[in-house]
């Protein structure tokens, strides 16, 4: 009940963020139910129906293999959610943990955060590219690579936020009550980080989409046959003059989803503890 | 002064190293507190009075010196060794808004020390003790399920005091415990602290910058300046016949209201 | 006519689509050489009143919704923004509570004083700098010649507040509004800063409005006092008269709440209940839930100001010293 | 200030060394024999043996690193498998394009980002702010390559105003007018970054405008525009400057994509092509150059930051 009320208050009066939320709900539904909704098999090649214009039965037209773009787009929603959530989880589990522990255990933190500094010297996409050269192109590897790339930023952010909370009087009070390290970290500090983490997660989700699309475009992301919005753009870009719809639809889908996620993150950011606002890396 | 002080602090030093500079926050402070006695520690901002309190609760590591609590040196103890003693040495903090975890209900906050120190055997037992303690500080049992943001500053400070009293400590360190409160609320909380101290017979180190408040609550007073205690004595001696020049200047600086004629 | 005349001032805060009055029916006046103290607890509206007089409410969702303010005979509320700005920092100046944050950290203190000077006086930069050094000397900053080039973080809290005073005095204001000017300072520094302000007032005749939560500071500094509670002036009187009669139960309760420095009192005579928050609704007299003298009339009827002695106004149905 | 600069420079050394170690290890993480990897598939066993000896590849990893670092410090980044020329020359060939592209992009970012951000902040909540800050967020949500493709479609293919791809050097025929080849790429690259700067300038200015000293400035009777520029923007500039380091990192990332879209002969496209060609010495060299450059840019940002904020440099 309380959660519902707070979601209402966060998005009250923010028409665009509300629309964004609705759109993201659509994407999520499409991701879950794509096998049921998709009118065609996204992998099915039809050499006769190559590059057909949008219409019936191919709502978004077909690509140069004659695959149904609408069905591929629906399955693409799946990749979007998978990569977004996957990257968030990887980033939070690795970077988040490193950042939090580093801030709490100062000595360990000194060493770990220097390591993070070193990794931060590698620009995000460059790091992703390098890692992808070492790994095979697969969905799992793409998720891991993007997650790892954002792990450094996440570590930095959580380091800063945990440090602030560690200096809080209620943490001192818990120490005086005799609370141990685990209790302070997970009972007193972590619950206070949940809302800023949600905000950060929404921005990582959005960034991850753009990174994944860029990797797909460079031919270093998901395997080319996998239906993702980035691959749809990348595979069909040479047909842009002959069949512009092939780029309009997946492009619009990416932009809408990233924009929605950013709007949602922005709305949530305004509702969190103002002390954490500067720590968040977002749009 | 009784033969065996409850707390005997000898030559306490707390130095901080920042950017190659050493800040001598506390630089050789000695005092003692008898059981049931209230010692006021007064001084201006940055004189190190809060650091003394933080060192005695191990929130800050002492650089040198001893603090004998019932004969045992608490400064040299490890975190683990000190744990059982925390029950007897408790702290009330200044900021009632920051000293309660916003994500925990009052009952959760108050039950934490009970379970850590194994005072409550069951949830039911804990509930009963919490209700009792809340009553002691002037709050009803309905406060238990509520979160800190639902209370006013004065009420939050009462919750902070309840967290301390629930352990029935022998020594309470009150660090600017009423400084953040409005005057009318400050009076209520001061009365409460004084009553609880008298009823329970606990000793107290009352740290404050406010001389009036210190006079009101203390038996003896120590005046601190630049990391050192410049004068210690019974409160009447300190306030009526200060010996040290700094104490005199401090007392002279306080704005006074002319003695009022009682009209009613 | 007084230098500043505030009549029936009402200030409201926007809550959603509604305007909620938070300061109501506030009237007082200040003249040259006078110091008026406004005292009250947090959220009573004393700072809002100060900002309203100064004209600094704009843009914060808070605005003046009623009453009149006349400064030097001119209606402040009828002025255009440009006219208001011409008075701000010139005829009327203000110093704030937090000396640590009230100066811009990236500019030298001298430049910040010079900026104030050049805004209202046609001075060359060199002349302005000379004047800035004079001002720093006036507020007793040691070595003003070199301190003029210091950054705010290189000064102590007390020194920063002196710089604020120098800046406020730079254009010889007729009225100085000081909002909790010493609250963030230690008592020894507080005394120096207050002495400085009164000393300067003696020389220039500047009227001062001193806002504080500290009755002691008010008692030692002001000619007259206005006690504020929940957005209303509950008692206004010359300082001596106020502390002699303590007519309003709140004024009396406030004084009794302060632990005395020169007497031992066993228990404080505290006001029960809590300080009402600014958006709260209270019917009748705003103080009645906490008042020892409250009767049924207090719960229903808002007391109107009445004069119990010349210049001594009380908003109470049953004031002390009054006929019951 | 000089002392501060030296301090920062010294603090850079350990990070720099650690980063070079990672770059060095990169080749060793690739499955297979490092010498064969560095020489490509066509190498003869003799060549492999020679390189193994030269780089000390049969020695412990630590020694290998020192040998490699020694070579790097002498400007020897190895030889490109694909081109057969020194890696440094290959990188230098791409440098002109990339530097010009980066400079032009930076000009756009500052030119659009800062003023629009100021206007947005000064009109907080009004329609002009909603359009600019909402628009900025939209631009930050567009994939770079998609924007590039459509700019090509519109301005090159459709209107024919600007060239769609490639970049002849400024020393070729056309001279400075060849810069027109970089207009579309630099705009593409600038769009998301300018959008971020707009958002940042706006957010920082709104933060600063709530600070006490701004109220002091207003109490002096200063005009709102003067308060906005001299007090709010000037202080907001401190955090905006700090963000320029991140902007560089973002630029590098997006330049990889942009140069590919517009087929520019720059370092970004070189990375992608080298990855596809498995030209590991070039990949390693480019990463090293970019990481070192990035660190120095961060140093410059730090110094600029210290200059803007007297609380830092004078401590």
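Note that the chains take the letters A, B, C and D in the order they are written out, and that residue 1 is the start of every chain.
In this section, contacts are C-beta pairs under 8 Å (C-beta built on N, C-alpha and C of every residue); 3 or more make two chains touch, one makes a residue touch a chain.
Note that this is a predicted model, so its numbers are computed, not measured.
A.B. asks: Report the most central chain, judged by the distance from each chain's C-alpha mean to the global C-alpha mean.
C.D. replies: Located nearest the centre of all protein C-alpha atoms is chain A.
A.B. asks: Averaging over Cα atoms per chain, report the distance between chain C and chain D in Å.
C.D. replies: Roughly 53 Å separates the two chain centres.
A.B. asks: List the centre-to-centre spacing of chain A and chain B in whole Å, with centres computed as mean CA coordinates.
C.D. replies: 48
A.B. asks: Rounded to the nearest whole Å, what is the centre-to-centre distance of chain B and chain D, using the mean of the C-alpha atoms as each centre?
C.D. replies: 54
A.B. asks: Line, ring, star, complete or other: which describes how these chains touch one another?
C.D. replies: ring
A.B. asks: Name the touching chain pairs, please: which are they?
C.D. replies: By the stated definition, chains touch in these pairs: A-B, A-D, B-C, C-D.
A.B. asks: Show which residues of chain C lie in contact with chain B when the two form their complex.
C.D. replies: Going through chain C, the ones touching chain B are 41-42, 186-188, 190-191, 194, 213-217, 219-221, 240, 243-246, 253-262, 264-265, 267-272, 274-275, 277, 290, 320-321.
A.B. asks: Enumerate the contact residues on chain D facing chain C in the complex.
C.D. replies: These residues of chain D touch chain C: 211-213, 215-223, 230-231, 234-235, 238, 308-311, 314.
A.B. asks: Would you pull the chain D residues touching chain A in the complex into a rising list?
C.D. replies: Going by the criterion above, the answer is residues 14-15, 18-19, 22, 26, 29-30, 134, 136-138, 140-146, 149-150, 153, 157, 195-196, 199, 207, 239, 248-250, 252-254, 256-257, 260, 271-272, 275-276, 283, 287, 290-291, 294-295, 298.
A.B. asks: Any idea which chain C residues touch chain D in the complex?
C.D. replies: Where chain C meets chain D, its residues are 54, 56, 85-90, 93-94, 96, 98, 101-106, 115-116, 119-120, 151, 153-154, 164, 167.
A.B. asks: Enumerate the contact residues on chain B facing chain A in the complex.
C.D. replies: Interface residues on chain B, with respect to chain A: 54, 57-59, 83, 86-87, 90-91, 93-95, 98-104, 112-113, 116-117, 160, 163.
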